[in-house]
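Okay, got some structures for you below.
Here come two complexes built around chain A, the first alongside chain B, the second alongside chain C.
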Partner chain A sequence: MRSLSLSTRRKLAANLFVAVMLAAWAIAALRLPGYVLPDPLVVVRQALAFFTDAKLAGHVVASIWHVVAALALAFFFGTALAVTSHYLRVTRILIGRAAAFLNSFSSIGWALLAILWFGLNDQAVIFAIGVVILPIFMINMQAALERRDAELIEMTASFTRSWPRGFISVVLPSLYPFMLATTRLAFGVAWKVALTAELFGGNSGFGFVVNIARQDIDTPRIFAVIAIMIAISFLADRFMFAPLQRVLTRHYADA
Partner chain B sequence: MTADQDEIIRFERVQLRLGGEAIFEDLSFAVRRGEFLCILGPSGCGKSTSLRLIGDLLRADAGTITVEGRDPRETWQHLAFVFQSPRLAPWRTALDNVMLGMELRGVDVDRAWMQAQAARALELVGLAQDSGKFPRMLSGGEKQRVALARALAVEPQIILMDEPFSALDPNTRQRMRAELIAIWQQTGKTIVFVTHDVDEALMLADRILLLSKKPTRVIEQIALGAPRPRTLANDAELARRRDELMALFAKLEQPAGQPDA
Partner chain C sequence: MHDAAARHDWPARILADGALVIVVVLWWLASRNLPAFVLPSPWATAQALGRFVADPALMLDVAATTGRVVLSVIVATALGIALAIVPFYLPATRDIVHARILPFLNAMPSLGWAILAVIWFGVSEVSVIFAQTAILVPFCFINVSQGIDEIDAEILEMTRSFSRRRSLTFRKVIIPAVAPYVVAAARLAYGVSWKIALIAELFGSERGLGYVMYQAQTISDPATVIATCFVIVILFILGDLLVLRPLYRFASPQDRDKPLTFT
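Here is the complex of A and B:
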């Protein structure tokens, strides 16, 4: 073990911990009824079915669509509101209070309201997810705008009196790392909210599947949904957000 | 003060208060076209503030400031700043940073022309080979050269330089001064250069404006006729000026209430 590097040892320890947990789960599943704790292999088979069965795969696509659409809308409106409150001082208090309100209201409350306003459909789910992650963008982008490099901004002012030109050429690019970090954070939250929103207001997606499985006491399917959601979050973070964050931080960090 | 045909910048009885403190109560001076003027003064006396007033980044409370005979609000496009720190966009290459100045100014020409203009400016500051490098790949002196190229590329009448070499090591500073003089002689721009380094002012200036502590006024104006490149060690006149300025400066930097040495 001594010849192994610290990071390799840490990875080994983490993998060992996962293996021990899986083994403990398998042993516990032997002693408990399937509807309480299913066998891990049954869960794996159920999870694979989501990628082989067209109907189930449709639910995976629906959930991804809900999350991506809500992220896009929250990103656009949240950033726009943060920019408005930063540059139009008169709107600052209003938008600040809106962010505080949105941040404190529960996702279940939004899901129920979304059903009343939109019915049981995709729009209701996208709205419920979007409105929960909207304050994340509003608050983080506002903080990013407050922390802009004052020297770079003064340099910009010395070359131009055109606000759009300065904003597009200097301010916006300097916000890219913050935008990605916020999207990364909101992505994780969006998946958590998606299950609730689809459970209450959806006719497709993982939440809908969980709702049906709950009625059928199909615990392996619920476990499979949880496993797939964790896998999607982990893979997106590991192979999309983390590398992008590294590139952006290196490229857009201080000179 | 009476207006001179050759004047490009004029301060007349300028007053400015910032944060309740009087920075200028009666500041008057003028800069001639094509002149290399050094503004010298103790820390916090408002040297950089005077540049911001010229560049319309700040407005005076009273008095008159004119640039080319007009209000700075109408002439900001005729000047360019080089700040104490290079203030480069980290996500842009050296060439793109030089182009940024032109983009911001809204130079109404095609991109190829801007690229050629930026390349010429980088060549002038000796960075033609490094145009594709990002700021993180450049040394402190090279970054400051990019900032100078960015200012030159917009073809200003006046370049306002705010202690641009103060963060550099002594050797680089020395080299940059010589290069700046060469560029100034080549381009004929008016340069207003703020510094608190007496030697730097003596090496560079046609004229030195010595400012007092706040509320700031002009204590002395020193015209320097020594040919360039200058070396303080071999020029008796410059050495005498240096001693005078050092003595004055020591008095200015002295905390209030402390007796003269």
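Here is the complex of A and C:
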């Protein structure tokens, strides 16, 4: 044990920990009723059904669609508002207050209001997710604009007098890494909020599945949904956002 | 956030205050043409808000939720500290905490905790507190852990050369270094808890603001839903202003005048 390096020992300990936890779960499941703690194998089988059963797979696609649509809308409006407040100084306090208000508004409140306004459908879910992550884009993109290099801006101004040209060819690219970092953060939040929004306001997606499983006390299915959601969120972060961020940072934010 | 910097920025102030008036007027005009179950008038919403300080039953709901929020923030902060401090004293456990427990807690949907809590503990106080605490722990952990990571290794070494007593190092170096982060963690958890953790009350309780909101939604009473959201915003601001901000100033005298930001 002494001869192993610290990082090897850390990895070993981490994997051992997961193995012990899974074993503890399996043993505990033997003693407890299935609706309290289902067997890990039952959960795995249930999780696989989401990719083999067409109806369940449709719910996976619906949830991904809700999150992607909400992210796109919040990205567009949030960035537009941040740019407005940065360049149109007179709107700064107004937009700052709007962001602070949105940021402290209850996400469940939005979900419940969305049902009253849109009914039980995709729009309600997308609205509820989008409005929860909107302040994340407003606040972070505003901070990114503030933090940009003043010299870069001066250089742009000396090269071109055309504001749109300078904005599109210099300012916007310098924001790409921040945009991605913010989207990455918002994705994590959106993915978690989606479950709430779908449970109250949706007729499709993971939240809808969980709502029915909850009424049937179908605990294995609830566990399966949670496991898939954690897996998707982990895989998207590890294999989509992390590599993208490395590429973007190398290209646009080389300091 | 920018209010202090822009104190002399009159046009921006006027626009910000004017926009608030315009929003209320637009809200009022829109509500006249829409049914009350879609958009209540500002007046009806204000009346619904007023009931929270007049109706004893609603006041009990406010008290119940506030109590749960405070308790779960305290428990979550304590657990966050415990989780963050383990890798500091046992370096081999770093990946267990940072690469296994944290990503899991981070990715776990809040609603998942709320539903599991009801399955495990039934409709009870325990299930609400459990779910809220579980949702808040990763937020606390990340902040405290950042504080521990930023403890200066050289200062620690110097302390060790002065004294071998671990308790002294802990009291004189570690606590003062980490305290601002602990308060920041509690502050962040407090904000999140008002925003998200009410979810636990929708399933696991028969009292509290989450329950009031859900009941109002089922009888199509958006005035109460919106009023409850305002109550939450007000309670959040009060607690932050009266308790957490002074506490933060106390914990980090060197940052007294720095604006508070969370990343």
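Please note the rule applied: the second predicted complex is superposed on the first by the 244 of 255 C-alpha atoms of A that agree within 3 Å, B and C clash if a C-alpha of one lies under 4 Å from a C-alpha of the other, contacts with A are read in each partner's own complex, and residues count from 1 in each chain.
Quick note on the criterion: a contact is a pair of C-beta atoms (placed from the backbone, for glycine too) under 8 Å apart; a residue touches a chain by one contact, two chains touch by 3 or more.
Every value quoted in this text rests on a predicted model; they were computed, and no experiment measured them.
J.: May I ask you to name which of chain B and chain C touches more residues of chain A?
T.: Partner with more touched residues of chain A: C.
J.: Determine, under the contact definition given at the top, whether A:L94 touches first (chain B), second (chain C), both, or neither.
T.: Once the two structures are laid over each other on A, A:L94 reaches chain C alone.
J.: Contacts for A:R10 in the overlay, against chain B (first) and chain C (second): which applies, first, second, both or neither?
T.: The answer is second: A:R10 touches chain C but not chain B.
J.: Is A:T160 touching the first partner chain B, the second partner chain C, both, or neither of them?
T.: first
J.: Using the superposition on chain A described above, determine whether A:F118 touches chain B (first), chain C (second), both, or neither.
T.: neither
J.: Which of the two partners, first being chain B and second being chain C, lies in contact with A:H251: first, second, both, or neither?
T.: Only chain B is touched by A:H251; chain C is not.
J.: Can A:M229 be said to touch chain B (first), chain C (second), both, or neither?
T.: second
J.: Based on the superposed arrangement, let me know which partner A:W25 touches: chain B (first), chain C (second), both, or neither?
T.: It touches nothing on chain B or chain C.
J.: Would you mind listing the overlap between the chain B footprint and the chain C footprint on chain A?
T.: Correct list for chain A: none, the interfaces share no residue.
J.: Which bits of chain B are touching chain A when the two form their complex?
T.: Residues in contact with chain A: 55, 57, 76, 80-81, 83, 85-91, 100-101, 103-106, 134-136, 138, 143, 154.
J.: Using the touch rule from the top, collect the residues of chain A that touch chain C in their complex.
T.: The touching residues are 6, 9-11, 13-14, 17-18, 35-36, 89-94, 96-97, 100-101, 104-109, 112-113, 115-117, 188, 191-192, 195-196, 199-200, 207, 210, 214, 217, 219, 222, 225-226, 229-230, 233-234.
J.: Please output the residues of chain A touching chain B within their complex, sorted ascending.
T.: These residues of chain A touch chain B: 151-152, 154-162, 165-166, 169-170, 173-174, 176, 251-255.
J.: For a test of understanding, state which residues of chain C touch chain A in their complex under the given definition.
T.: So the residues of chain C in touch with chain A come to 1-3, 6, 9, 11-13, 15-16, 19-20, 37-39, 91-96, 99-100, 103-104, 106-112, 115-116, 119-120, 191, 194-196, 198-199, 202-203, 210, 213-214, 216-217, 220, 222, 225-226, 228-229, 232-233, 236-237.
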